[in-house]
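Next, two complexes with chain A in common: one pairs it with chain B, the other with chain C.
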Partner chain A sequence: MRPSATTTGRVPAGRARPRRTARLEPLLWLGPALLLIGGIVLWPVVEMVLTSLREISRTGVPRGWAGADNFSALLDHPELVPVIGRTIVWVAGIVAVTVALSLGLAQLLHARFPGRRLVRWALIVPWAASLVMTAIVWRWMLSYFYGITNRVLTDLGVIDSPRDWLGDPTIALLWMMWVGVFVSLPFTTYVLLAGLQTVPDEVHEAARVDGASRWRTYWSVVFPLLKPALLVATVINVINVFNSFPIIWAMTRGGPGNATDTTTTFMYKLAFVDQSVGQSAAMAVVNFLMVVVMVLLYLRAVRWKEIG
Partner chain B sequence: MNPSWRSRSRPLRAAALGLGAALALSACGDADDGDTITFIAAEYSSDTEPYWQELIADFEEANPGMSVDLQVVNWDDIDQHVTTLVQNRQQPDVLNLNKFAGFAADGLLRPAEDVVSAEVRDDFLPGFADNSVYEGTQYGLPFIASTRLFFYNTDLFDEAGLDGPPRTWDEVADYAEQISELGAVGYGLPLGPEEAQAEFQMWINGNGGHWTDSDGNWAINSEENVETLEFLAGMVDDGLTQPNPATTNRADMFNAFAQGDVGMLNGAVFLPGVIEDQNPDLNYDIAPIPGNEGHEPSTLGVQDYLMAFDNPGNEEAVNAFLDFVYDTDNYTEFLSTERFLPATDSASEAMTSDAELAPFIEALPEARFFPTTRPEWTEVDGAVKQEIGTAVQDAEPREVLDRLQQRASGE
Partner chain C sequence: MTVPAAMMRKVLLTACAWLVALVVLAPYVQMLLTALKPHEELFASPPGYLPESWQFGNFLEVWRVAPIWEYLRNTVLIAGLSTVLAVAVALPAAYYTARRRFRGRRMFLLLVLVTQMFAPTALVIGIHREMLALGLIDTYAALILVNAAFNLAFSTWILHAYFSSIPVELEEAAWLDGCGTLQALLRVTLPLAVPGVVTAVIFTFITAWNEFVVALTLTSTPETQPLTVGITAFIGQYEVQWQYLFAASLIAIVPVVALFAYIERFLVSGLTAGSVK
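Let's look at the complex of A and B:
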């Protein structure tokens, strides 16, 4: 009661008030969003970091602080280095192939031809379909006992006896990367298509007038103008592929052993197969830092685009 | 790769959070009255949930004022589900799982004598009750049992000119070679993550090995076990099994056997049901699991548990519910629905007439169990499921076993 009495008593303070509430007004609008961000993004991050510093029993009972024990156990894990190496191959491979194929697809969809609308829609299908479903369908197609891949390839004479495609780590990883490319193509193609559509016709005309060949026009004129779209597509893909869990989980569960794990599935297995929640949280922190770095790169890329 | 994964998962996460909050609130409510208990059951088959729903309806009718919140969770997710609940201090009141010692070691369980009547306790078969003890106190309630036996496809045996089941490992390898010449898989070896620990134990037991030595110390890397894995790796190398045991799950192998693609494998009580479903014309026979030269055949016994968590105020409802579950009529109905073996005297008597289960019940006295009375088993089990298969393919058997031993003994 008292503060309000004093404020109403003083004229200047009373005049200052509406200005202060006005300054607070945006908070009212931002509040729900901030609360959501705090609850859904920040709180889990804090919780994750705290968990990584705790000792947690096999059944999940917290046993007190562990300091850096979880991190040193993680660093000593014999599979950590191979898993990180594989993650790099996984991300770089999928993103490179996806972007290369998408450049071609975007060019195709940019051209005018009968049925273009239909093809554009068809391309969305792998994007619209549930990832787990896509991955499971691929797993069945590659199955040793019943898979259609073995049937088709033996009938064509490419292989003479059925192969267990997902049993050999190297081949399994290649197949999973292919599925990764398959589901990434639609988004990437559409981003690049949008990029292509921003290239003004005048530029094409000018190149034609100068007598540039089609290749020359593409590499010297169109491609440089595509750079911003390309950058955005690449960075978003890198983040998504890095975080990708369902493809690997549905197709090989990271096995045999840890031979097809990336850091994301490895983190999951540390918690729920090895029953080591603390170590898994430490892996999560490492993953989180890597994602943060990628996000920062993305933000820089976007700003670069604005300036450019 | 596909930004919709992220945007899609956000609302989902929000929903999950909301749901979690709602669950937390309802859990608080339960703690107050104590007459509503939560029960998490493992999903053995599609019949599991209807069975429990019906049983709970009967229970609630017989005990006005008490109610049971049922959650049936599939085997793939149940460990993760329970660990998460325990971590958030929302453990259920009653749990059905294949391990108990970890929870007992963390002081989360109530001893058996406080949760079921003396009548029910005396009814447990002694072997199962012994296998439910942690540091001198029984915490686990033996719930179901299952044994494994050797299955062989008699059509393939006839075609290969083989007579009767193999009795030793050498015969298994020899027969597998003759069957694989027909284009089928000689011996089906599922060392994929689903049940690798079971397949591995059946083989090490057949060579006189086990997870622990006679003094009860972990002995995963014993000479017997190394020899066993080397023998299996040899079979894989010689092409006597399917090509990639490390990634083949039991379910895939059982299906392939039912389709007539596999000569021999170690099968479970429910394999005849799978065959009945998929290919009733298959001709097969059942035999004891062969051991290495000079070793008796042995079998793997699997025992699952019920257990009561020590949540304040839930005693009365938990005890009433568990006694109701073990009522002979209710219990035998569950066993015959799911095709499992009884863990109590009264149910054994009631089920002796079941011809299909008879060979499995007979094998029970010789059965050896997983070391579920040890809290480390939770972790060893997970590691074995992931790693043991690699030892018959690329990795060195001894190194894999050394690593597992290290995990188990914590050195």
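Let's look at the complex of A and C:
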């Protein structure tokens, strides 16, 4: 631990306490936080692992240890491989498109133009609004007979006749991925905007003096400076998108069948639709391990060793 | 660059930005227009862009056709109490880790950073098992505890950053004037950290207000269901009452968007754990 000049705790003279109380003092300040994290965040992890190793009846009563039975049943599930493949496409697709669009958007909103404040506020709406409600309105807009999307696209001549967008699994997945991009754009753009604000004006001037074009300045000077922000935004997005349950739940319920499920909705359906709690817990453990890997990547991205 | 080219650029840029705003707002405008349509117009194919007869009454009717008051009361109580709990627990932890060096400090900060990345979605099976064991299914307590616990990390980080940025000398001066540690904290440091507290409060409140997965899993009656889950009752097996569904949605969305706009500029630093400065 490196002591830093500004925040070193200096206990004023004459206030030294007996050693025992001094050692317990941190617990007094951090205790409630530790209790809450331990009881509500860590306990469910333990509970989940234990459940995955138990045989649980359909009514939820434990019947003894199952060893690796739940995991082997999960591995034998015919939908497992397609679901995992779809999850990878889901996360990679949404995050890649979000980051690419956000780079442009951040640049756009960083520039000065009339009404910039209003446009930035508009961008907040999908971030602040409930994810389920946003997903439900997209489902309504994509409705086969009554949706506005079909009306707009036929009026523009893009399509000849209405399409059943959410009826076909592949097209439904693409639309849901668009909704995923739609709700991830605000956060990502804001992080990149914050990153752009750290680029000093002199950098642009120096590049201009050297005769670099705007494009060249961006790629050789600005983009490298944005990298830390980009990395953090990407990893946070990966975790968020991986956990994104409401979009799929509200728009297709993962259906028809399991055709649009990702690991999160699949896990949920195993537990609360199929009532196979043990298998679902096994899926949850697998999910959790993937999240742990992503968190480790995040810690590297924020360079944990240098903060604190 | 010549002047007309610069002008063109500016016009193009402005047009692009306004187009983005339009695309971003379109679904919510559609929400509003649908909420203002009478029942028959919702099932016109192809649909009209604007309502032919504007039913502003839908926004009053919605309170009668579904227990919106109850849902809203639940949402306000759950979001409010989880915010109070999260911030009350985060404040001492953030202050202490910002001011003192002690064994386990880094461990604690690491724990906070890691839990910030855990969404309740990934743990929902475990949370359900735990609440079942504790007999807390279908109670406010369960939702308040979960929302508070999963938002604790954000509050702790942002408050930690705020406390760290306030010079310790200000507190030392208060000590010399005869204040105790706690008194110096309450009278000197806390007032300076108000922007941080406001950000933590609003952000936690909005996250809890919008929470869906845990509420879907742990509640089953209108006595405890928040609005996010309650509105899904408008989606029946054969028919969806879209106009009421979206009227209720807008009632839930408008206040939080206003709050969000208010803390906009503080958000990024908090969400990225201080790594993007």
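Definition applied: the second predicted complex is superposed on the first by the 286 of 308 C-alpha atoms of A that agree within 3 Å, B and C clash if a C-alpha of one lies under 4 Å from a C-alpha of the other, contacts with A are read in each partner's own complex, and residues count from 1 in each chain.
Throughout what follows, contacts are C-beta pairs under 8 Å (C-beta built on N, C-alpha and C of every residue); 3 or more make two chains touch, one makes a residue touch a chain.
Note that the structure is predicted; figures quoted are calculated from it, not measured.
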* To do: Return first, second, both or neither, reflecting whether A:127 touches chain B, chain C, both chains, or no partner chain.
  => both
* Is A:145 contacted by the first partner chain B, the second partner chain C, both or neither? -> both
* Look at the residues of chain A and decide whether chain B or chain C touches more of them. => C
* Asked: Is A:299 touching the first partner chain B, the second partner chain C, both, or neither of them?
  -> second
* Asked: Of the two partner chains, chain B (first) and chain C (second), which one does A:39 touch, if any: first, second, both, or neither?
  -> both
* Asked: Of the two partner chains, chain B (first) and chain C (second), which one does A:287 touch, if any: first, second, both, or neither?
  -> second
* Asked: Once the shared chain is lined up, is A:217 touching chain B (first), chain C (second), both, or neither of them?
  -> neither
* Check whether A:236 is in contact with chain B, with chain C, with both or with neither, and answer first, second, both or neither. => both
* Should A:164 be classified as contacting the first partner (chain B), the second (chain C), both, or neither? -> first
* To do: Could you say whether A:275 touches chain B, chain C, both of them, or neither, answering first, second, both or neither?
  => first
* Would you please give the residues of chain A that touch chain B in one complex and also touch chain C in the other complex? => 36, 39-40, 60, 127, 131, 145, 186-187, 236, 240, 243-244, 271-272, 277
* What residues on chain A touch chain B, complex-wise? -> 36, 39-40, 56-62, 78, 94-95, 98, 127, 131, 143-145, 163-164, 166-168, 172, 180, 183-184, 186-187, 236-237, 240-241, 243-244, 252-253, 255-259, 269, 271-277
* Which of the residues in chain C come into contact with chain A in the complex? -> 10, 13-14, 16-18, 20-21, 24-25, 27-28, 30-31, 34, 42-47, 49, 85, 88-90, 92-93, 95-106, 108-115, 117-119, 121-130, 132-133, 145-146, 148-150, 152, 156, 164, 167-168, 172, 175, 181, 206, 209-210, 212-213, 216-217, 228, 231-232, 235, 240, 242, 245-246, 249, 252-253, 256-257, 259-261, 264, 267-269, 271-277
* Asked: In the complex of these two chains, what residues of chain B are touching chain A?
  -> 1-6, 10, 13-14, 17, 79-80, 82-87, 102-103, 105-106, 108, 192-193, 242-244, 246-248, 252, 255-256, 259, 261, 375-376, 378-379, 382-383, 385-387, 389-390, 393, 395, 403
* Structure fact -> chain A residues touching chain C in their complex are 1, 3, 6-10, 12, 15, 25-26, 28-30, 32-34, 36-37, 39-41, 43-48, 51, 60, 105, 108-109, 111, 113-116, 118-134, 136-138, 140-141, 145-148, 150-151, 154, 162, 182, 185-187, 190-191, 193-195, 198, 228-229, 232-233, 236, 239-240, 242-246, 249-250, 264, 267-268, 271-272, 277, 280-281, 284, 287-288, 291, 294-295, 298-299, 301-304, 307-308
